[in-house]
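To start, the structure itself, in structure tokens.
Just so it is clear, A, B, C, D, E, F, G, H, I and J label the chains in written order, and each chain counts residues from 1 on its own.
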Amino acid sequence: MARFAVRMEVDLPADMDADARADLLAREKAWSQQWQRSGEWVSIWRCVGEYANLSIFEVRDNEQLHEILWGLPLFPYMTMTVTPLATHPSDVHA
Amino acid sequence: MARFAVRMEVDLPADMDADARADLLAREKAWSQQWQRSGEWVSIWRCVGEYANLSIFEVRDNEQLHEILWGLPLFPYMTMTVTPLATHPSDVHA
Amino acid sequence: MARFAVRMEVDLPADMDADARADLLAREKAWSQQWQRSGEWVSIWRCVGEYANLSIFEVRDNEQLHEILWGLPLFPYMTMTVTPLATHPSDVHA
Amino acid sequence: MARFAVRMEVDLPADMDADARADLLAREKAWSQQWQRSGEWVSIWRCVGEYANLSIFEVRDNEQLHEILWGLPLFPYMTMTVTPLATHPSDVHA
Amino acid sequence: MARFAVRMEVDLPADMDADARADLLAREKAWSQQWQRSGEWVSIWRCVGEYANLSIFEVRDNEQLHEILWGLPLFPYMTMTVTPLATHPSDVHA
Amino acid sequence: MARFAVRMEVDLPADMDADARADLLAREKAWSQQWQRSGEWVSIWRCVGEYANLSIFEVRDNEQLHEILWGLPLFPYMTMTVTPLATHPSDVHA
Amino acid sequence: MARFAVRMEVDLPADMDADARADLLAREKAWSQQWQRSGEWVSIWRCVGEYANLSIFEVRDNEQLHEILWGLPLFPYMTMTVTPLATHPSDVHA
Amino acid sequence: MARFAVRMEVDLPADMDADARADLLAREKAWSQQWQRSGEWVSIWRCVGEYANLSIFEVRDNEQLHEILWGLPLFPYMTMTVTPLATHPSDVHA
Amino acid sequence: MARFAVRMEVDLPADMDADARADLLAREKAWSQQWQRSGEWVSIWRCVGEYANLSIFEVRDNEQLHEILWGLPLFPYMTMTVTPLATHPSDVHA
Amino acid sequence: MARFAVRMEVDLPADMDADARADLLAREKAWSQQWQRSGEWVSIWRCVGEYANLSIFEVRDNEQLHEILWGLPLFPYMTMTVTPLATHPSDVHA
């Protein structure tokens, strides 16, 4: 199991067709929630004042993380920052 | 309750006295674990290949977050990046 | 209560339809003034020479700040920088 | 009267003599409070998790702002970002 | 009186209609020269190899500087960097 | 197995004692070669004109990569950039 | 023979015609694989969470590297970072 | 005589009409070669893997350099970095 | 004649000997004023809130500008940004 | 033969012993001039107002370029930017 923090910034064209946008966002939500329910997408938070989120993933390996991120319907509109994480020696839960 | 992500980068002088360093790190660990046990410092992960951590805090307010961070024995050697978080509309746990 | 500084930079397309633009700006002003009157949006200043403002907010929590910012009609055209603030020990008014 | 936002970041040497440091900080506080009391230094807030503040000044002119900032005992240890401000057309108080 | 340096970078769409462009540039020149003649816009130089200028302003206050810059017909296509200036102690003319 | 690219930049103090430096570099080389021989540190190249290298790792997981990097005798003098890698769909060898 | 690391970031317009896009990607893959088979394009990896790759080239000289990169059908949509590499003194294989 | 290094980065729209593009590039080449033949544009090299060049100019003064660069048919699509050069004390040819 | 804007940022060690510092600053002032009086150093302004100045030079050529700047007693403590200037087509004085 | 542009920025400690400094600079000059005379170090220019140079190299390969740069007595005090160059299609001399 490998843990990663991923920050995703979204930049949708302001003049996108409203129906296309609604459909895109619905598929985005479904893809995200499917991976939350199966346990790989552990946490997702909104960054205040930004069209961006910070997420924590626990995946099998790098390949699986890329599969999840690449499959996001919003991927072509996103900028990702991926940070691999390890156990911290001060962690009381580790 | 307010949630924040904080990235802390540490830059200790390479020629620091070994005893002073060990004492500093012991006090740092104690301060961090005290706030983990009381529940405000929810998670702490090591950023792979860096003397840095990514942490999640759930605090009463901005004042309390600053009190925790400012009180870190390593604070004078740290660069912090603080990101306020809110609930994400796709979060299955919210 | 939590205090934040927010810098908002606006990047409107130069060829936007004049009526759509006027409508957008009128709704932006109304949204801003509603939150100024209810007390959460404490100050707003123009940054000289920029289509940008610096604002101070006093909100209930992170969730409320995000609700205010996300609801701005200009939000899709804005880049935000959010800085959480705390009391300063030299503040004569604190 | 001219209004400015100033962000001040402090970088004190970690090994500074404790007495010299205490003296420096006491003189810094006195200088700041003198200008707060005379009205030019309108607000000062701590940036959460940083040895930094965000301040609002209302001064006679650029010369006076520079005199106040240059006179800060911590000036040699500070990095300043100065933003000139003007009235915002959406300001309900203007 | 307050002195400022302003660097203005222009980014016009390469496919702009030639007449619209000529009209825009003529109005830009007129606005600039009106403020040069009235004395607020003291100097304007082209930055070599860039569609950019460096200008010096001597204005009544921040409000007037913003009025001049905001009124530029090219303002929507410009990125500005504003630097407030003060007297230098080595200036032989001061 | 997880593959990573790591760029390591070294910043040694120019006035370091020659013996301490030679000892440090010898231990650095031994640590690197031990992990090259066991297979985790797959490639190491010098970046031309820089005291820096680009390396490829194939490790068990994030924890092992951090263990290898953190254990480098030069770690306190290094800045690391870690890039997680996955299979590329155009790779003829995959 | 000269070795280089090249990081290629792709930024395709989100509204590109699906057929034109498929044709472009097929020609991109063919060009890449031709140079992989002839030995100059030694390795290609996907950067996790990004539309980007990291590649290693072993070419005759700078001219040949530029010919390969410039000839990529995706070149007009790419940002390249080219790092010349040399043998590292700790390399157990050199 | 004044010497300058100029780095020119080109960003042409990927969907530009093929004939317009060919005409633009032909005029660009003619303008560059005219100034190479008259001696002001001393050297021009392609930056490997980039739609960019590094050039050396020896011109009468700043005005002439700006005239040459501003006159480039590709100027509206270029980002320039201009570095004024002087004789180096270690130059064996000076 | 060639015109340049130069921004000079000063970073003096905070613990410099007071006499050495006073001597350095006196020599700096003398060098600056000598070139102001001979006409090459046309203007010098303090950047508000910074240990920095913005200066305008009118020199014979690049060599002379470098001679003036390199000769500054504070040169080893300065970071310079040099911008070559040309006549602007909107300049009413040109 | 491979051509490169290299920008070298020097950052010598301001309090370096005068003799050590003079010796270092003499050895630097000798090393540079030896490679200028043998033809690999084709050009060297001072960047105006900076302790920096821009140089052009024509070397056998990446290994030789690194050998020359790494061997510079000032190397531990330098930051290098290396740009591989190729023939430009508009070059009248190519």
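FYI, contacts are C-beta pairs under 8 Å (C-beta built on N, C-alpha and C of every residue); 3 or more make two chains touch, one makes a residue touch a chain.
This structure is a prediction, so every number in the text was calculated from the model and none was measured.
When the interfaces H-J and B-F are ranked by how many C-beta pairs touch across them, H-J comes first. Comparing contact pairs by residue number, the interface of G-H is reproduced by D-I among H-J, D-I or A-F, since over half of the pairs coincide. Taking the mean of the C-alpha atoms as each chain's centre, subunit C and subunit E sit 27 Å apart. Mean C-alpha positions place subunit D and subunit F at a centre distance of 43 Å.
Each of the following residues of subunit I touches two or more other chains: 3, 46, 48-49, 62, 65-66, 82, 84-87. Each chain pair that touches appears in this list: A-B, A-C, A-F, A-G, B-C, B-D, B-F, C-D, C-E, D-E, D-I, E-H, E-I, F-G, F-J, G-H, G-J, H-I, H-J, I-J. Across the complex, subunit E meets subunit I through its residues 3, 5, 28-29, 32-33, 36-37, 43-49, 53-54, 83-93.
Contacts from subunit C toward subunit E in the complex involve residues 12, 14, 46, 48-51. Put simply, subunit J touches subunit G in their complex at residues 1-4, 61-63, 65-66, 82, 84-87. Every residue of subunit G that touches subunit H in the complex is listed here, in rising order: 6, 13, 62, 65-66, 69-70, 75-77, 80, 82.
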